[in-house]
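Labels run A, B, C, D, E and F following the written order; every chain starts at residue 1.
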Amino acid sequence: MTDDPTTLKIGLPKGSLQDPTVDLFRRAGYVIEVSSRNYYPRIDDPALSCVMFRSQEMSRYVEDGVIDLGICGHDWVVENGSDVHEVCELKYSRATTRPAQWVLAVPEESEVSTPEQLAGGIVATELTGTVRRYFEEKGIELRKIEFSWGATEVKARLIDAIVDITETGSSLVANKLRVIDTILTSTTRLIANQQTWADPAKRARIEDLALLLQGAIAARGRVGLKLNVPREKLEAVLGLLPAAKSPTVNELADPAWVAIEIIVERRTERELVPRLHRAGATDVFSYPLQSVI
Amino acid sequence: MTDDPTTLKIGLPKGSLQDPTVDLFRRAGYVIEVSSRNYYPRIDDPALSCVMFRSQEMSRYVEDGVIDLGICGHDWVVENGSDVHEVCELKYSRATTRPAQWVLAVPEESEVSTPEQLAGGIVATELTGTVRRYFEEKGIELRKIEFSWGATEVKARLIDAIVDITETGSSLVANKLRVIDTILTSTTRLIANQQTWADPAKRARIEDLALLLQGAIAARGRVGLKLNVPREKLEAVLGLLPAAKSPTVNELADPAWVAIEIIVERRTERELVPRLHRAGATDVFSYPLQSVI
Amino acid sequence: MTDDPTTLKIGLPKGSLQDPTVDLFRRAGYVIEVSSRNYYPRIDDPALSCVMFRSQEMSRYVEDGVIDLGICGHDWVVENGSDVHEVCELKYSRATTRPAQWVLAVPEESEVSTPEQLAGGIVATELTGTVRRYFEEKGIELRKIEFSWGATEVKARLIDAIVDITETGSSLVANKLRVIDTILTSTTRLIANQQTWADPAKRARIEDLALLLQGAIAARGRVGLKLNVPREKLEAVLGLLPAAKSPTVNELADPAWVAIEIIVERRTERELVPRLHRAGATDVFSYPLQSVI
Amino acid sequence: MTDDPTTLKIGLPKGSLQDPTVDLFRRAGYVIEVSSRNYYPRIDDPALSCVMFRSQEMSRYVEDGVIDLGICGHDWVVENGSDVHEVCELKYSRATTRPAQWVLAVPEESEVSTPEQLAGGIVATELTGTVRRYFEEKGIELRKIEFSWGATEVKARLIDAIVDITETGSSLVANKLRVIDTILTSTTRLIANQQTWADPAKRARIEDLALLLQGAIAARGRVGLKLNVPREKLEAVLGLLPAAKSPTVNELADPAWVAIEIIVERRTERELVPRLHRAGATDVFSYPLQSVI
Amino acid sequence: MTDDPTTLKIGLPKGSLQDPTVDLFRRAGYVIEVSSRNYYPRIDDPALSCVMFRSQEMSRYVEDGVIDLGICGHDWVVENGSDVHEVCELKYSRATTRPAQWVLAVPEESEVSTPEQLAGGIVATELTGTVRRYFEEKGIELRKIEFSWGATEVKARLIDAIVDITETGSSLVANKLRVIDTILTSTTRLIANQQTWADPAKRARIEDLALLLQGAIAARGRVGLKLNVPREKLEAVLGLLPAAKSPTVNELADPAWVAIEIIVERRTERELVPRLHRAGATDVFSYPLQSVI
Amino acid sequence: MTDDPTTLKIGLPKGSLQDPTVDLFRRAGYVIEVSSRNYYPRIDDPALSCVMFRSQEMSRYVEDGVIDLGICGHDWVVENGSDVHEVCELKYSRATTRPAQWVLAVPEESEVSTPEQLAGGIVATELTGTVRRYFEEKGIELRKIEFSWGATEVKARLIDAIVDITETGSSLVANKLRVIDTILTSTTRLIANQQTWADPAKRARIEDLALLLQGAIAARGRVGLKLNVPREKLEAVLGLLPAAKSPTVNELADPAWVAIEIIVERRTERELVPRLHRAGATDVFSYPLQSVI
């Protein structure tokens, strides 16, 4: 990594978020070259330099100033108790848009149905600090909180309960576990070192980066939609469009027609297009977007 | 699968069409999550539920009402003799746009050149019912029609003839086989259960889905093309454009120029663009499409 | 390959450039089907036929007229001393836009720092002809120039020096080598047989193909950018846009606003978008391009 | 395949048994070269020629005399009703030594617990003939027996019951199915065409091949075990050895000691060795076997 | 896992040791079936049941009695401070027979050459407890010991020093690190729960298992060597053999010759065989071993 | 690589022979650790050091003394015209024991059937020097001999003929080529630098290594065979055994029986075992070998 003080040092998450992160930056206009042997990916912007960390340790290196910025889950900021600035949410993981949840779970057949019943028991989790605080706040005393090195869900039948992360719940179902409480809800965040954030020039650059990353995320779930409408049906067609955003209406050479262009969510598109078609719109087509501010 | 009677149950084809089908739905605005262990993919539309079947058995489950809709080859609708409604063609397989053909083939060196010469012989095929009807209609009596569990083409030299599917003919060439007749031509179809189709509300929803899927297929072979033209060259440029579709011509701030936008086939684009360039168009560019109705 | 004299025979590079080349043609509007067993890919244009060669031998087959056109590195045109026409550069390799360099390198710890100190030594390289000419021109006599069958960089410590290709320099770093001179700089080229190029009809077709390929390359690093601007801020916004290219400004139904559309480089976009946002532009979005002439 | 009438034509099973079969022949002294593109593997014995078929269709080609010998499951001999000679069992599949079972299964939550309760229902299976005979013999009339193209176990919840193959039962557990009857038990067999088997010379060669294949299978679960014993402890040590097989006892140069060598099952070895050690045996070691007749 | 109190519950290490462990048990006479989805592998011995844990957490589950036995590195027994019985060493990892070492390392260019110079600095490691004790014993106060989630070696340049595991040192070389001290040396161990070990019947069974596993390990690096020797050269030949182990000499039918059989290390074999050959031994051959007690 | 003058530096072939070579050394008693990034594999013998070269360039580095020994094809020794000592043949490639052949081949449909008819034509080959000498010796003048960078067989239809390597002929068949002459036959060799070979101490060590490598190769195609025979059938059984090698006959405790042990080829085993069985031998079993001198 560079020692140039004007360069922003950014930590990118290794692991399952690595490829989506490189893709997110690509859609935001940056080329990041990651090689399997190297933890310092190249980025085509001399004002940025990158390093890869596991999401779990990111906030500690941001807090210490080893890096200025990092991308990681909110859960690990909490777990590490790191004093960092959370710039914005970045909802870009591929599989789902649901936030991740850390849940307290027991085997389906267990008689435990409340946290209180775990008093004196053993709980395994990767998030030991957060789980400790959770039980302390409830005044429940456990025998042990074991740090779990992965595959936490299979341990539920060996001890008393686990606290594990879940997005879709499918791993819980596959392991026949029952959730008895949700301990923490988490999404991915862009976080900044407090001193970096306090520097106005750096803060402006971070805000620009956040704008670009959020623009790229917004674009993925949206399309540009174009259609031509006879002037007399314009009002009817405009009535079908989502209210939140006013469409761009522009003139055509043929004065009897106007062209409409609007950015819509992909889920809206699939309901809207058949209706527009029935309402007399012609030349309806949609196209993918790169970025939407 | 749900038991909600308003949900449309749709069968998606396992096998070589699986990934292209998920991609087709994605381009039509749906997110389908397939996991390798699960035959019930999630779809982000509560009004649809999905199950995966092999293309060969799809029409039987649609006919029986186990599912409302299915995507499969016309060939297996015919082979199964299923009473289903074929909603529309869906030409979306990746490799080629040619329809698949089931051909009667013999080794290059065989003396057989007509179906009649196969009387008393053995024919192997995956499509035994269709082949049986073919020979019955011609009044040719075979010794046996053997059901072939894959790799049919390599059996041609062990018995008398085979009936196998081919798209490009390359497998026939590689196995040195000679086609002596085409028995069935097939493309992929969206098929519906007859009762479902008879229900007007469900039929309208199926027609909307068909519109979206066909829009996504149409978009793949097309691009949006934009160019600016000096007003005095407008007529010449318009003369170069495909007649079928009128372009959108709109005004620019500079009154000496107009902007033209048109959807063209990708094959047309590659011939058109050099000509437009020579005809005085400037700022010619094209962009990919998501959907074209 | 066809024997039709009007068909243009084009050689595509096998190896690391193969997939990017197929992708480049796809973006230029052509579908090429490559099968792993076959050196004659299909292309969906009856006026073209394809064959795959290694980049190293391409220019020899173009020179001999076995093929009309080829895509290969300038370095191997030079090395082979082939008499061909270089139609245009095609900068489309994925990893980087830097040209490749053939460098004379020695181990970091070597005492050699000038080519002259290699007199009497052994140099290994894949580019023996070019290296021979390089040393001859300098009047330096080597003991041997060894043809290296790959992994040239690891031989530097076994003999005296190597001449190897590098794009990013990372292989040199990994092998702890030091560059003492650059012998040849190279980019990918479209090359044509001299007789084919001399035929006006064929030359026109080659120029059209070059236009399409270059249009596809240009599109990859650019996006279409759209924004709406209040008429009173138009001037300020226009002042922010890159000077080289005038934007398309068009009228909206609401006369207080105008719409701006412009093609910009992706690197420009990421700097421009935050500024446009601050300057009062709304509905700023960008979309990917297929081709830009 | 050859037309030489003295060559034995043998069908090898494609699919999950393919690699274990090649390995079995290798251990029996044959080198078989399978290439992914070719259904006629080479074997280093001019008196044999090979072809690959799916296990399901093997017995039909053996019955018809297309091949002399085949290796396939007993289940498909029964299903096809083929008139072939079953030469011997070959228990060599890798994962387990349990025979495969075709079971009638329903969802765990189904109310069905006897075959009779399925009257009027739909059953899906790959083994339609055998299932038809099973229900006919019981006098139970079904609505339909559907041929299932794979993934039969996931269909149990869509129709009424399935008949599917299982070795360990783990797929049944994973799909939460309950077995209500076993319809057929099957192991792998070497089968011969009846006419080939009736030919004494060919039959002798088949018996030799069976001997070698069975010798290779027997060797896999056994080891050669050697130990030295003081003469006075010989009787005690011999008393520990399995009774079925008398050990080879031989003289050593030192008359106070004898050497014992015996072939034992691997499961026996692991219990025997610690006991022999305690009984005074020294230099105990075991070695792998290639073949045991 | 079973609840049968006579069953020994054994923890097998997940990760890089998983395949070698299954292979070790196979060579010791056990078949373990691991499926990728399941943490409870089957073993063909009803008196054993298996579960997979990461090496890091093994000793904690053995200490707590969740399992009776485990296989893991000595380092993690120390790190966890677990009160367990170390039954024996098991040197069976594939790549090397060197013990693993946890070393304190700094960048090559660092000025730090003693642990004392790290006072006030940050050290990253996966083995935080052991590292804490190490520095405490030396009376050196650090600013922080950071738990490192993998890729520890690349962090050496971001903070002050790391403590990481190394077998061959190649990762240290690749990352240009310099070792300043070795903190812990570790090999793989079979460990037992203290109560289980105190039970004489269980202890005997564990000792038998240890004997078999060690026998399988010993066999891997050895071969059985056989040779025939003319009686008059016997003494000379015996003189060449390793002294540690007396060979088995036995009589042949031809009284002029004797046969010698001996177990030798593979490294010895390669030096011994050429010498035996020169000394007049004939029919020299070696064979692989399964187990050597 | 080391600079110790007593260390033998050995070149191992990269490419298709790499894995078989590592396996050959393993069977000869050496552990070689190859890492994908490193051209200097470790070997567990301090008196040897290894480096990987392509077979094509091996003999040049042996000739120059960069290495003392190498393993490569005889063809490339000839092609390079290298002055090296060929120590022995090493027939260990996996697929086949046939020697490789460099053949002059033309398309099946070509009118060329003798080398003379190629006068004035173009021939492509990887072995340009050898091909040049071949045609010069025959007094045939070609237009060009093109160096071919792989996939030579597909070029036969673009030029006049090719010279390519073949083991089984299957690539020639697949490309529909016809052989018109064989130019060179080649097997793998252990080669030594002439000066190294002239040094008696080093030569002795090379001869030992050759003995071990050849012993490992001999073992692969052979097994140890053991059987017990009643004394009265001994003569009959001995009569069945291969004459070349006298078996070891030894006494058993039971004087009515003798034990026979013999090394036989695997091809012999499969014919011999059924015969021995019929001749009254009992306890017949075979076991794999590591090395046979």
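As a working rule, a residue touches a chain if its C-beta (ideal position, glycine included) is under 8 Å from a C-beta of that chain, and two chains touch if they have at least 3 such contacts.
Chains and their UniProt names: A, B, C, D, E, F = ATP phosphoribosyltransferase.
As the structure is a computational prediction, the values presented were derived from the model and not from experiment.
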item	value
Any chain in contact with chain C as well as chain E	A, F
Intersection of contact partners for chain B and chain D	none
Chain copies touching (chain A, chain B) - same or different residues, decided at half shared	different
Furthest chain, CA centroid comparison against chain A	F
Fitted rotation between chain D and its twin chain F in degrees, CA, nearest 5	120
Most widely separated chain from chain D, with each centre as the mean of CA atoms	C
Interchain centroid distance [CA atoms averaged], chain B/chain F, Å	52
Geometric centre distance via CA averages, chain C-chain A, whole Å	36
CA centroid of chain C to CA centroid of chain D, Å	57
Multi-partner residues of chain C (each touching 2 or more other chains)	250-251, 287-288
Graph class of chain-chain contacts, one of line, ring, star, complete, other	other
Touching pairs among all chains present in the structure	A-B, A-C, A-E, B-C, B-D, C-F, D-E, D-F, E-F
Complex contacts: residues of chain D adjacent to chain F	28-30, 33, 35, 42, 44-45, 207-208, 211-212, 215, 219, 224, 245, 248-251, 258, 263, 287-293
Touching residues on chain A, where the partner in the complex is chain B	95-96, 168, 170, 223, 228, 250-254, 259, 266-267, 269-270, 273-274, 277, 283-288
Complex interface listing, chain E residues touching chain A	1, 14, 39, 51-52, 54, 56-57, 60-61, 64, 66, 122, 146-151, 154, 157-159
